[in-house]
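You will see two complexes here that share chain A, one where it goes with chain B and one where it goes with chain C.
So, the complex of A and B:
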């Protein structure tokens, strides 16, 4: 009992430290103007995706062993829906924007 | 098997279904936010000769808001750990800390909104600002409802104690609170950071 509680507290703290790092990196880059051009956007995007994964694993305790399979199914289903709808909308609108110029 | 154990099994089963149902709700909420993000990404540059994101956003404020939400996620985690240990007092104390952090976040966000509206950058000015207020405002509304949820749960822990239904509700509220922090990662990565570049 005590042991699992220790592990759980360290889980939250690990997640917190990782989240702080993954927040500090993009903020520092943008604030300090350390990078320019598309590289900044790439770093922001990668840090955001990594931080979402950190939150899912360390705060929401999603893993492939203990999380019920139906919960994982809906998580993946939502991710696919989001990918199709957001990706599709952006694709169409960027294309339109390009053609209107 | 006695009637009491059967009832207990039945209750466990019912609470498990609610947790699953809540998870489905969170995923649908994620889809709503994703579409608001897509609208914002499409409209972000359309400031209609009004103020642009570069003139309006203040990264200092955004970083403090980000810190408040992130620390509140950690303190809710501490409340969840106290719940595992059956420490009622600690659950309530960590929930109060989380509530204060959530309210501080809301206060900062509301002062940002009213400051923007005073500067003539309200939601009616341009496509960019309509999308901004819809996306960030929807997140703020969720944080306000989450804070209300924390108040209700503090009251329930104090009056009902750590019974099985109260534990289940606290767990679900925790999922909701951590989920809001995930949405905020999207907001600072899509709205604020690219907005000042």
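So, the complex of A and C:
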């Protein structure tokens, strides 16, 4: 009992540090003007995706072995939906942008 | 001190607006006096407002929906009256008032009639159908209810203090931006959407967890009743689609209140993104509204055809397909925004594909009725009316899904006819069927059938009269949202549509009379067994109304239609070996307080009363902290008390009350003798 409490505390701490880092990086880049152009967007996007994974792994304790299948199912479903929504929106907006040139 | 709230906000500028305000305030005062006269404040507070019991929360949701249906319908009636007469005249409504009315009508019907109605029915029934004692998070359920009520409150108060949005129920910028709509109307609309949207999202999550985690032993996914399945799929849609609405409403709020530029004309804003995000929510939303109704139709058809549901598995897969596909078609709401032919074609084809699983369902229901012993209970009659009428709406929908055709018909009354053709039979008739079907379960007595049938006839005749002319008018070129018009050939159609609205008015009156008559003859229509229709699913195994814990002993399930099997095998209404203590959640005022604070927060934001915003926000945090540090939120109902309640219930049931199940026992094909040991 105590042992597992210790362990989960340390994972929360690791997760917290990683989450802060992944938040600080994009802010620093934009505020400090360290990067310009499309590269900024790429870094921000990667940091955001990693942030999601950090939350899932360190705060919600999701892993491929011990998490019940139905929870994993919902996660995969969420990923598919996010792909449809974000991908679809990008496609639609790019297409409109292109036609307004 | 009061932001932009001044005495000018009161509606002394127009007789019609003052009338609306007077009815709203008068209605509020009348309810207050009635409760005081009945000395019901204490009961109301302890048994209802602070309750976390899913059945009571469900009933309150349905009451909210019915009240708002009346309000939304008054708007519809006013629009129909305006258009029936406004040929070449201003009619009795000035344009800015007419605009508020169609905006509030659409907003109310979607967010505060359809959403609470279906959430209420899911709340009352789903836990019982899966053999559970409550939803997964009873307190959260109460928060959801009061958040939804707060949103409804904001729409209602906009009639008295200030004005409502004039930008339609979709509120597209730039018209809904500060530049063109500087008043408070759009802010009321936004905050009503945000608060009720939070409530809906929480409900969706709550139902998903309940259905995935709280099913009774033996109830695998493929043994869940159809209504539970459709509720699960609708809840998944809620949980994934509503965040898009909350985000887009939040962005427009930031644009309007803090000078952001998400959707403005200049400064890098892009208003097309608003349409995109709104409909990422909006299309799944229409399936959120119809899927639970499909579930209700499935239950009703099986019960009143006295047959097992035809094609259960295909219905499950059709529901799941619809749920997934509904996320892939949103662009059909803005074909005309200027996407290339490729984009339009792909979304058009995806839209047409959804008609396939929907068609599968219609055939499954028809085959369930085939060779059944159909009983024309009001809920069954609503179901048949739905099947006939919904198909017409489906056909016009496939027509609109063809992009070149949509270029001609978009924004016309053809579209208005199409979506009412989906929503009135497909959603509202389903909820009315559910109301007639489950009313005895919720309140312990049956609804009068005579007035139920009358309400059906008024609604269906009214529907056809009110909306078929709009299809024709669409072809004749009439745009939607017109305050007056100059083409005399339109007027006859608009007059017929107005008469249709009067029939619908009679339909609503019939429902009111039905409720009144049934309440008066309460004793004679009491449901003693808890199973008035010889039902098939587990919700009929509990008493009517169910005890707070639903099931004294959790049932065990071996097949779909679990309760039907129990009755055949003689396992229903048995006294168990022993009872156990049951842990129940205590009532709490925190949900109600959070709802009230959300209302205050929204109101303060609308009028820019910043100190009140801060105050409501801080108090909300305090409420959450109080709740989170409360380690004493449950109580134990002792086994002896459970035993007493159950004994009283069983003692009341005499064998003569029970349904004769002999006809339902499967028989050998050759011998005709009952097969023993089978179900």
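In this text, the second predicted complex is superposed on the first by the 101 of 101 C-alpha atoms of A that agree within 3 Å, B and C clash if a C-alpha of one lies under 4 Å from a C-alpha of the other, contacts with A are read in each partner's own complex, and residues count from 1 in each chain.
Basically, a contact is a pair of C-beta atoms (placed from the backbone, for glycine too) under 8 Å apart; a residue touches a chain by one contact, two chains touch by 3 or more.
Since the model is a prediction, treat every value here as computed from it, not as a measurement.
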item	value
Fit or clash - chain C, chain B, common chain A	clash
Which superposed partner A:85 touches (first chain B, second chain C, both, neither)	both
Partner chain(s) touched by A:63 [first = chain B, second = chain C, both, neither]	neither
Residue contacts on chain A - larger count, chain B or chain C	B
Partner chain(s) touched by A:75 [first = chain B, second = chain C, both, neither]	first
Touching partner for A:93 - first (chain B), second (chain C), both, neither	both
Contacts of A:31 with chain B and chain C, given as first, second, both or neither	first
Where chain C runs into chain B (options 42-50, 78-86 or 258-266)	258-266
Residues on chain A lying within both footprints (that of chain B and that of chain C)	70, 74, 77-78, 81, 85, 89, 93
Chain B residues touching chain A - in the complex, by the definition given at the top	20, 23-24, 27-28, 30-31, 34-35, 37-39, 41-42, 59, 63, 66, 70-71, 73-74, 77-78, 81, 84-85, 175, 178-179, 181-182, 185-186, 188-190, 193-194, 196-197
Sites on chain C touched by chain A in the complex	208, 212, 236, 240, 244, 270, 272-273, 276-277, 280, 327-328, 330-331, 337-340, 342-343
In the complex, chain A residues that touch chain C	70, 74, 77-78, 81, 84-85, 88-89, 91-93, 95-96, 98-100
Complex contacts: residues of chain A adjacent to chain B	5, 8-9, 12-13, 15-16, 19-20, 23, 26-27, 30-31, 40-41, 44-45, 47-48, 51-52, 55-56, 59-60, 68, 70-71, 74-75, 77-78, 81-82, 85-86, 89-90, 93
